[in-house]
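Same chain, two partners: chain A is paired with chain B first, then with chain C.
Up next is the complex of A and B:
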């Protein structure tokens, strides 16, 4: 769970300047034991990934005549995608989902919980940690089932709200809010752990000095604590953004992307096209676009971390 | 990113590596014995195929020493089953040898070369000639005229209604609606006089998949004058017609006037179980546009035994739009037992199919599932009609029934139909707008403007 520092891998031993040959041989000798693992990785990871990149440019389907005579169609899938209203809708929903549940929800809540825990007794910390992490430990589908029984028409929430006449079918009337809440609930633990670790590195003297200088709690947070943990914030943001961008199981089990397409984020739309309508080529093209979006996000965050460092 | 691509990458990876590494489990020949893998679907509310196949396995293995039948069940709804089957069929190593197949998926798999023609084996199987009516034999006929599956079930569709609800609403039974307007009138009367009952159920959303297209939309469309999805004479898909718009309008009326299920229920993939297991028996639903098999849940061996159903429930054909001849409409589909083109022991595989579809097993299946029997000897068996006074009615609907244009692109056309219906359910679009969107989308789906036409 150490994510606060990103150090480039460094080879042990400093290479002598005048002996490139020997260095090459040493490297080779060190790589040799890795060869079987590398081959396995290439076969089982790189192979399928490259294959899915390739089929993104074909009209491959899971069945039907196109599955035997699939051909290269260039960027047709991508042209189709951006003319596809449902796809654009899914991108927008994905954006709302990522910003709402990860960037704002998990991130802020995780930070707040971590801040509040500072300096509290061991018992309080263990109990809070236990409760928060429990949500993270349960499998995705179980979390979705819990939220389903909480929000569904005959669910717990409605039983309570029914008393004041506010009951409604939340998964139907507010599906995006439902999946965002569920994802915040489940993912906050991760941010909290990252921030707990980062905050423990903030020197107490600095905060005390600021307090002596008359800084309010808020000013101490904004001007002392946050700048000190900035890199952790960015690392955390990057990780949870990428995780949330591709989130599938929770949404699939909770709303199935519905009603209609009201909560159909891109991973769900991708699944529907690839495995329900058997358009595996089109689905792979979408996966590729998702990959690019994820990569752009990571580059931006990494850049920010570097600038900051 | 890793929890990630769960959806696509995982299966893609499986598909890609299975071929290279031979990960398949079927066809293992250990010490000369053969194994035939059979894939089928099952669920807690639909255990009928499971029962039949276990029975057939015992019979077959007793008669064929050295051949083992490996039954692989897929848990879940139809949509889940189609996906699972398509993925397993990607590779010869993972493909099952014999499988239960929905007739509307057959042509796509024929085009993909996944299915083996059965004609050579059928020739020497006496039952095929003597027990299957010609219309039933067509169920899994490919574009090349060959037969790709032996029917285990067929079905018809129409209206079920709850007589208690009708009594409260002051509607006379037996109810015999002659037009769509009669159906709407009855639904409106129920809404007004029996406020705690849902007046009318029609399947109309994507989560319900083909059920929505066939039980919902097509039951309307094929009852409009000249209404069809595919023009057989021109050999083109019908992109727009008055029938299409009118059918969408009907669904729109149902939901805008709150005559249908609540939105959340309309989107529930298990709506069918709710209808037969809860709503109809408890008088929470007035009219249900559904399949012949609906009453099977209420048998003593069903999932919701309800002996009084024969008195409490009525059934009647779905009328045509304005009572046009022949006055009623029905749609038929069904399931077949099919053989994979990858099957190594084709003769043994076919022998197993012929055991599954023999009289005894077909009877067990039909009596259990409530599907109509494809075999003449089963249809004539007293056990088949015993305890189900409706079975004759549903069987007779075959005289007005239609079949889906189950060409290769049909599943995609069906998906567009579901989209249009769903817009009616939510009210996101007007019927005209949804019909226009369907017309536009259809061109891309069926492969070009020269493959579509506009109907009357």
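Up next is the complex of A and C:
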């Protein structure tokens, strides 16, 4: 981080001369432009996180007597949470959703598309990139509408499958598969772009040398390409896990968590508890659990990337 | 496998992938143009702009889209101004906790904003800010800041300091040199960050859904959801037309910054700080 760091000539002087008070004032003046950002970050990001730590230990609600005087209830919310069948169900579904749509779906498909695109003509690449990225740029509510129409009882998929007698209401019979497919469709572009960038850094001579030594396409992929891009793979996995973990709009608009609780991932369950039943304290306890899981993945990500400087 | 066979296998696979990605789009495009559209994408030869005409009124399209423009626009401008200011000392001076600060920002970009919404809602409720668009914009700007500061600092690092030195010799303070020298030179970077934040907020559904109270204030993301969740009585052709109108600006803006964004994907591998 020192590359572009410079001290304005006016202020540089000879370091020994400036008396401490003047140095402190200079530092403060230099930090002045950071103040608006710090205020916003402290009030609207750090504030809510600290607030959630506090209310997670209270019985805060928005209705009834506890809405006026919420009181400290210790770890009650957490005890309740881990005994709550629906919460455990939501954690399991979130796990399935993240593994299915991000780790397996987006990651693998993104890598495969990036690999297949290598050495293809410009037209082919533009068409494939265009379509995959389009699914990513579309707002999540529109993506949900597209998939709703595609999978619903009178939808496009059934129109095709009807001919062989397989039509059914997919959003009811297979809600998890529906939201996983929709999220793979929507998120693959990110992994594809990460892998395209990573693959362009793999030296062609290495692959040619391996080919000359008689390595098959598969062996070149496993023994040359994948080890070289392993950092990109790991950071991509962390990033898409973080994005998928917090996914709300797509699932909410597509299945609403249903039927019943069949596709109710943790963000949806938290939403239901906090905003439909107004159990703010309980909802915050769940928020805290999600924040901790997110923080762990985020820290792993920070360890993986190399920050220059 | 011979080279020719491998080439064909790759092309066939790419075709399958492309068709699979096009599938879900078919309905929204076709239905928006069909007068009696339902949920199936079925090419008919009766096309009209009836659905577009039906939704182009104040309540359905104009008001929500104007709300979206106001919310996303003010968030983007506020974020870029605040991030630009913050990036200046981070890019130009040697500061003691800079590395820690930058790493904390990067860490924050990973935290799930969805999870913060319960405490944010509770705070907004306590301080009587629930339903306030300006308060929500401040929150949105704060949530976009960590990434915006990172991007702005990287763009600012690309502006040579030697150019500023001339201004310093002339006695210009940091405000003047930031506005007159640095800002014009990093205009493309500023545009990228602005559009990036704008498009992000354009698609944001959860935050306005939770923090705004009346339909009059809602952006298009929430209005479309309301439109589409009235199961059974939805005019599907109109829903599709509305979706196209709402999606178009996001796509146009993405195409505009596409070539600048391409470089940021090596981001996942290493980050310049």
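Operating definition for what follows: the second predicted complex is superposed on the first by the 266 of 309 C-alpha atoms of A that agree within 3 Å, B and C clash if a C-alpha of one lies under 4 Å from a C-alpha of the other, contacts with A are read in each partner's own complex, and residues count from 1 in each chain.
Basically, contacts are C-beta pairs under 8 Å (C-beta built on N, C-alpha and C of every residue); 3 or more make two chains touch, one makes a residue touch a chain.
Worth saying up front: this structure is predicted, and the values here are computed from it rather than measured.
In the superposition on chain A, A:277 makes contact with chain B only, not with chain C.
By the touch criterion defined above, A:185 lies against chain C but remains apart from chain B after alignment on the C-alpha atoms of chain A. Judged by the touch definition given at the top, the superposed model places A:267 against both chain B and chain C. In the superposed pair of complexes, A:44 makes contact with chain B and with chain C alike.
Of the two partner chains placed by superposition, only chain B is touched by A:172; chain C is not.
Judged by the touch definition given at the top, the superposed model places A:287 against both chain B and chain C. Contact with chain C, but none with chain B, is seen for A:113 once the two complexes are overlaid on the shared chain. Set side by side, chain B and chain C differ in how many residues of chain A they touch, and the one touching more is C. Shared-chain residue A:259: touches chain B; no touch with chain C.
Applying the stated touch rule to the two superposed structures, the overlap between the chain B and chain C interfaces on chain A comprises residues 43-44, 47-49, 51-52, 55, 62, 140, 242, 245-249, 256, 267, 270-271, 274-275, 280, 283-284, 286-287, 290-291, 294.
Those residues of chain A whose C-beta lies close enough to touch chain C in the complex are 1-10, 30-34, 36-38, 40-41, 43-45, 47-49, 51-52, 55, 60, 62, 109, 112-113, 116-117, 120, 124, 127-128, 131-135, 137-150, 152, 154-156, 158-159, 182, 185, 193-194, 196-198, 201, 217, 229, 231-232, 235-236, 238-239, 242, 245-249, 253, 256, 267, 270-271, 274-275, 280, 283-284, 286-288, 290-291, 294-295, 297-299, 301-302, 305-309.
Chain B meets chain A in the complex at residues 1, 3-9, 11-13, 16-17, 20, 79, 82-83, 86-87, 89-90, 105, 108-109, 111-114, 205-207, 209, 262-264, 267, 269, 408-409, 411-412, 415, 422-423, 426, 428. Chain A makes touch with chain B in their complex at residues 43-44, 47-49, 51-52, 55, 62-65, 67-68, 140, 153, 169, 171-172, 242-243, 245-249, 256, 258-260, 267-268, 270-271, 274-278, 280, 283-284, 286-287, 290-291, 294. On chain C, the positions that touch chain A within their shared complex are 1, 6, 10-11, 13-14, 17-18, 20-28, 31, 38-42, 82-83, 85-86, 88-95, 98-99, 102-103, 106-123, 125, 138-139, 141-143, 145-146, 149, 157, 161, 164-165, 168-169, 174, 178, 199, 202-203, 205-206, 210, 221, 224-225, 228-229, 236, 239-240, 243, 246-247, 250-251, 254, 262, 265-273.
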